[in-house]
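In what follows, structures are represented as structure tokens.
Shared between the two complexes below is chain A, which pairs with chain B and chain C, respectively.
Up next is the complex of A and B:
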């Protein structure tokens, strides 16, 4: 035995261990900080939009494939803010003609699957869609239901990545990780401007981590001196070359909607 | 006898110059060669099966049109075979479930379909339940397993596609969207699929088989590489053996080997410069170039050693050999190049590449045979050995035999020829892309297994247009679709028909409380459209309807899965489908897809190659006519040059009777090769005739002077093509075997038929005034071989 040497070894080990632990905790700490900052930004964006009450608007959807073939759909939407849960929304289809009058009601929930009903005028019945799937394409477009449903803070975990400036605006770039295992995405990157906390761009990464889609948002207007809403959202699928443009118009706030306008029975009346 | 010394022509002056500056010539030729070889850095493999079709190919265009409209059809199909034979057990389903999940992560995967993620719809009062058919497979009880099994086997979209009819094998189909930016995409996807198969096989008690278009492309790619790594080395061995046996000189063998290797490498390098991407057919170019280059070297070396044995000094022998061979070697190289260039008339780009690379390689071989080879022979120490020939004397005997027995030979020859020629129509064209690969190739073995045990490999895709946007919901259109589906299902060889009609029927049933009486098409456009909307709202990630409907919902694609049909039967089904649609429901649609593209490839190529072969024939005959200075013999030479192809096809028809696209190239290519023998034979014959001898003397002289050389070069060529025939890729092997048969037939035709034709048609005495240019021709009479 060489006590001296083994003591030295012991000290070295302790020192190395401490150092490693320190580095690890610094890294972990940085991760925590990024997560904390990300969540803060998301919460702030959500907070700034609180209290809008209700909204109605019109929406046209233009679907294009890689070769420019296009197809249009048009619909009206109504949204009612909920205090303790996700928003309630109603979509009434006007075009194509064969689905005119079809109405889609959804209750988004902060936690768990959303509730969805569809009124089929040709069948004169309301059908509840019992499905945990929400990442499929909405009306055959490049938007998944999860892309356009009300964005609740609780549906993702967050990580602040960096700041980035473009189009004369400074942005936070966040990484969002969907909580729902059925989500079609591994992660999303979102660009939120620092001034008004509006989302301008989102990159969607598929399950294998490849960039799948990019959403570009433009033509923001402010309503009631507070709430920002974009008139144009364009989703481009990089893998298939298909794209979809959502064009909103006729925004009306303060319609005086109540929960009674968003029930299963209200669906057949919603024309 | 030849007296080259008398001709102080430019070849002689060139030979003197070459011998004096032998180092310079050798180094210069090597430098030029290296320059050409350096193009090889631009070579790559093309691993897309579409490489076999030109952009103008109508079947490719129709298919691309469909691929633009719907999701792509590039796929991998896994078959999961549980070792316990029950596919609906917790462990087997767990394997499928895990593999389905992990398949989403394969590079470029766009969509994964299997029995586990099949979107099962059930009605529950006013709810429509949409869920995966199998979830958490390992925890399922016997009852649930039984109900899953009965659902899967009853579903027309699954049965015979993703589960076999007795429920013992299930499938996972992965659709890929390749960005087509890099040549590595296909091998990358294939390698990841292979790794996943191994992972699942290691973890569960199952065997996994795989097929599909991605793996087809990959198999082409692997066939190219394996041909490169097995055939080329084999070819080296053959060459070294042949050259050494013929010249018995280490230094000559070394020099010839350099010429042959550099011809091949330069041909490939030049191919790199012109931007060729290698495919299995063009990968056979090195083997063919090596074969043809051997012949050039042999001609020059054999005369060189013959001259040395006669007592000439090495340098004098080199000069004599060049004077003897420059003309014939140039002529035979040109005719061979023309034969290969005729492949440019084909519709399949890989054959353009094969033709062009080989033509370039052949011309490089000519260049090196008259520069590097004699220069090296001048530099290296060379000893000649005296040996005696018995073959030489047997050639004289053969000549005598043919002359004395012309009637019986002609009679037997005509009878055998006719017997073989009537067999030509027995050849049936069949291009099936699985059958291109022999059983040693994994893709072939797996595809055969899947075809037998799960679902067909061949598919026909029809895109039916309703004419209106959202017209797919129109009940009239749906009725037409339904009638077509029903009719198609009764056609011979059809295993499965995938159509959106089944989805409409299922939804109609679900939305009427799962009442089986409602398992029929909705009779109202709005109802159908609203079902579709409802269904689309409930589908998960990736499992949308884009693979069945276009964006405007004006058209839908019907995918027909078939047995392993022959090209003819496949075309018959495809055409019958189009005709039925036109006649019965007034729709215009054509069955398209890779299978039908390959089924038509031979016919498409035949059209081009008829012209190409004709052009080659005219050019080559004209060249022979000019070289021999005899229109009559140029024309006469057509018979022994064309007949071999006919006889070869006849023999093939009698023995094998199945041909593929590659054989449409054989006639033009073989013509360029076999013509050499005729040129040698006729030129010797003519020389004698023009010297005032009669036809029989001319023939005897031709036999004794070039008979041996013709036999030797034919044997070398046959050996070379037999090496290529070992390819595991059917296009290459059948082309090679047919060419080898062609060369053998040509040898027989030149020795038996040509002399008799000359005796019958060319008996008149010649005007001795005509000078003979072919005095440069090689004199083989004194060569011991």
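Up next is the complex of A and C:
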């Protein structure tokens, strides 16, 4: 599936539409319906995850270059759900050892740019940083900042493409178009299973429209009889041959975090 | 015997660093080589040298995370300058969270401010001037500190108990004033000398894109005046000062706008002003790679004159940070600050490159170009240097 195809298709339809008004309105209706269904699926997936409250977990990243040489990252994260806005999160880095103790605080917003601060332990300094680097690599990995940021419905526009079945599951396939012009992607294709609305695979297309990366998600577990979280995410970059595996562990829901645990002051104390 | 003690120590450290995160010992050992490119101003000074450093930090959380004990220490041995062989207990404090406030008691390091090329409002700690001339390395400060976080902002009150004198490079060391400093002969304006209790207050708040800080310090000035004495040495003089500071940052997309200003009032003298402000701008994905380029410009103003004059009276600093964003986090930083009155120029180049999970390589080069006789950097005019440091973290 070429990502540009939809846009070209649309243009063709517009041109055709000027010749035959009826054709155009039918095509526009089809697009509206696809957009409506896509948004509904995204909203349903979001709705099913509402009310998780807070989460803490540990994360290791294995970065592999095209020769298979590996390097490791490890960190601990805390997340607090916000009622009317994106989540607040705190990441504390343990490896590589030279960044040990560095901590990152982020307030995600549904609309507008996120607020981010970094704690630099050698200088005892909390520094407000720019959140506009969406497409840059997180910790030198194949995950961009926008891939690991809290996923809010408002950050994309949607289009339902088709249904697809694999690994014994039925999936919706959606096309996501990032709202932020600074996104490194033209579009993403995402496979969401129909039963539990979990994302199993995402194809990322670069700004030129070429397939860039594929994310494969596995090892889902359910917490509190409601919230599904995956223990393994593998991102493969088709253009560079590099890959990164995220392995999550020690999921804890209901830690009792409050907004006070996500301030510049608590960032400077994070261990 | 000594070796056996060290060997016994390593499994202990390993055990501690593998323990749950509520109790951890971390740190690094470093080996540094430094070479000066020109002959020294004073022939007794060295041309090159090596030195080794060790940094350790331990913390333990208690009382379900409501109390914490922290200890950290740093030491350096230097082959050339006995004065630069030094150690410091940077932190030794206890912290406790109460329902409505937090209490710190002990030796701490505290950073205030937002700008990159000059730290005007950052007054709590004495500089560790032997470590680096950039003023970013600090000595621990004994204190009692209360902190309150409310919806209207964060309020901190500091009682600073006991003064830390600045340490200076010895006669054989480079990067020093034209004459050696007689540290033992320090003079204080206050009759209580180094026992004077200083205090400080800080209010800070985040309002959307704005990070704001307002602070006041009253007590012994951390920066001594250096007075010539009869025996051919310089004597540090520590005045009593009141300093009110403001620091503001606004973060707008790729732009960070930063400003710091102080109103500085030495006891018995007129009020004086200094400020620094500018921007950082970032470009991402340079030439279709994942590299970033950060551009920095800051203007420094200081109306302190006579004995109080600084090197930053009317200066402009420009910098470039180039980060490859590779697995080794290779990063280059180049900054040049120029005195717009006398043309003195200071150039700083830093490169960091991770070798693997535990090894880090850092290179630093500094050049004091075109130093004017009237500029405080004149005494460093022959002290251009290159430095390479290898660190092993554990």
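Assorted remarks:
Convention: the second predicted complex is superposed on the first by the 251 of 271 C-alpha atoms of A that agree within 3 Å, B and C clash if a C-alpha of one lies under 4 Å from a C-alpha of the other, contacts with A are read in each partner's own complex, and residues count from 1 in each chain.
The working rule: a contact is a pair of C-beta atoms (placed from the backbone, for glycine too) under 8 Å apart; a residue touches a chain by one contact, two chains touch by 3 or more.
The model shown is predicted, which means the values in this text are computed figures rather than measured ones.
Once the two complexes are overlaid on the shared chain, A:137 sits against chain B and chain C alike.
By the document's definition of touching, of the two partners only chain B reaches A:239; chain C does not. Counted by residues of chain A touched, the larger count belongs to B, out of chain B and chain C. Once the two complexes are laid over each other on the shared chain, residue contacts for A:71 go to chain B and to chain C alike. By the touch criterion defined above, A:63 reaches both chain B and chain C.
In the superposition on chain A, A:104 makes contact with chain B only, while chain C stays out of contact range. By the touch criterion stated above, A:184 is placed in contact with chain B and with chain C alike.
Looking at the shared chain after the overlay, A:265 reaches chain C, while chain B stays out of its contact range.
Using the contact criterion defined above for the overlaid structures, shared-chain residue A:96 touches chain B and also reaches chain C.
Applying the stated contact rule after C-alpha superposition, one finds that A:125 touches each of chain B and chain C.
Counting contacts by the rule stated earlier, residues 63, 65, 71, 96-100, 123, 125-133, 135-137, 140, 182, 184 of chain A appear in both its interface with chain B and its interface with chain C.
Of all the residues in chain A, the ones that touch chain B in their complex are 63-67, 69-71, 93, 96-100, 102, 104, 116, 118, 120-123, 125-133, 135-140, 144-145, 182-184, 207-208, 239-240, 242.
On the side of chain B, the complex with chain A involves touching residues 68-69, 71, 104-107, 109-110, 124, 126-131, 177, 179, 469-470, 473, 511, 524-531, 533-534, 536-546, 549-553. Residues 21, 24, 26, 28, 59, 61, 68, 95, 102, 109-111, 114, 136, 138, 147, 149, 154, 204, 206, 208-209, 211, 249, 251, 253-256, 280, 282, 284-285, 290, 292, 325-329, 354, 356-358, 360, 391, 393-394 of chain C are the ones that touch chain A when the two sit in their complex.
Listing the residues of chain A that touch chain C in their complex gives 63, 65, 71-72, 76, 95-101, 113, 115, 123-133, 135-137, 140, 182, 184, 260, 263-265, 269, 271.
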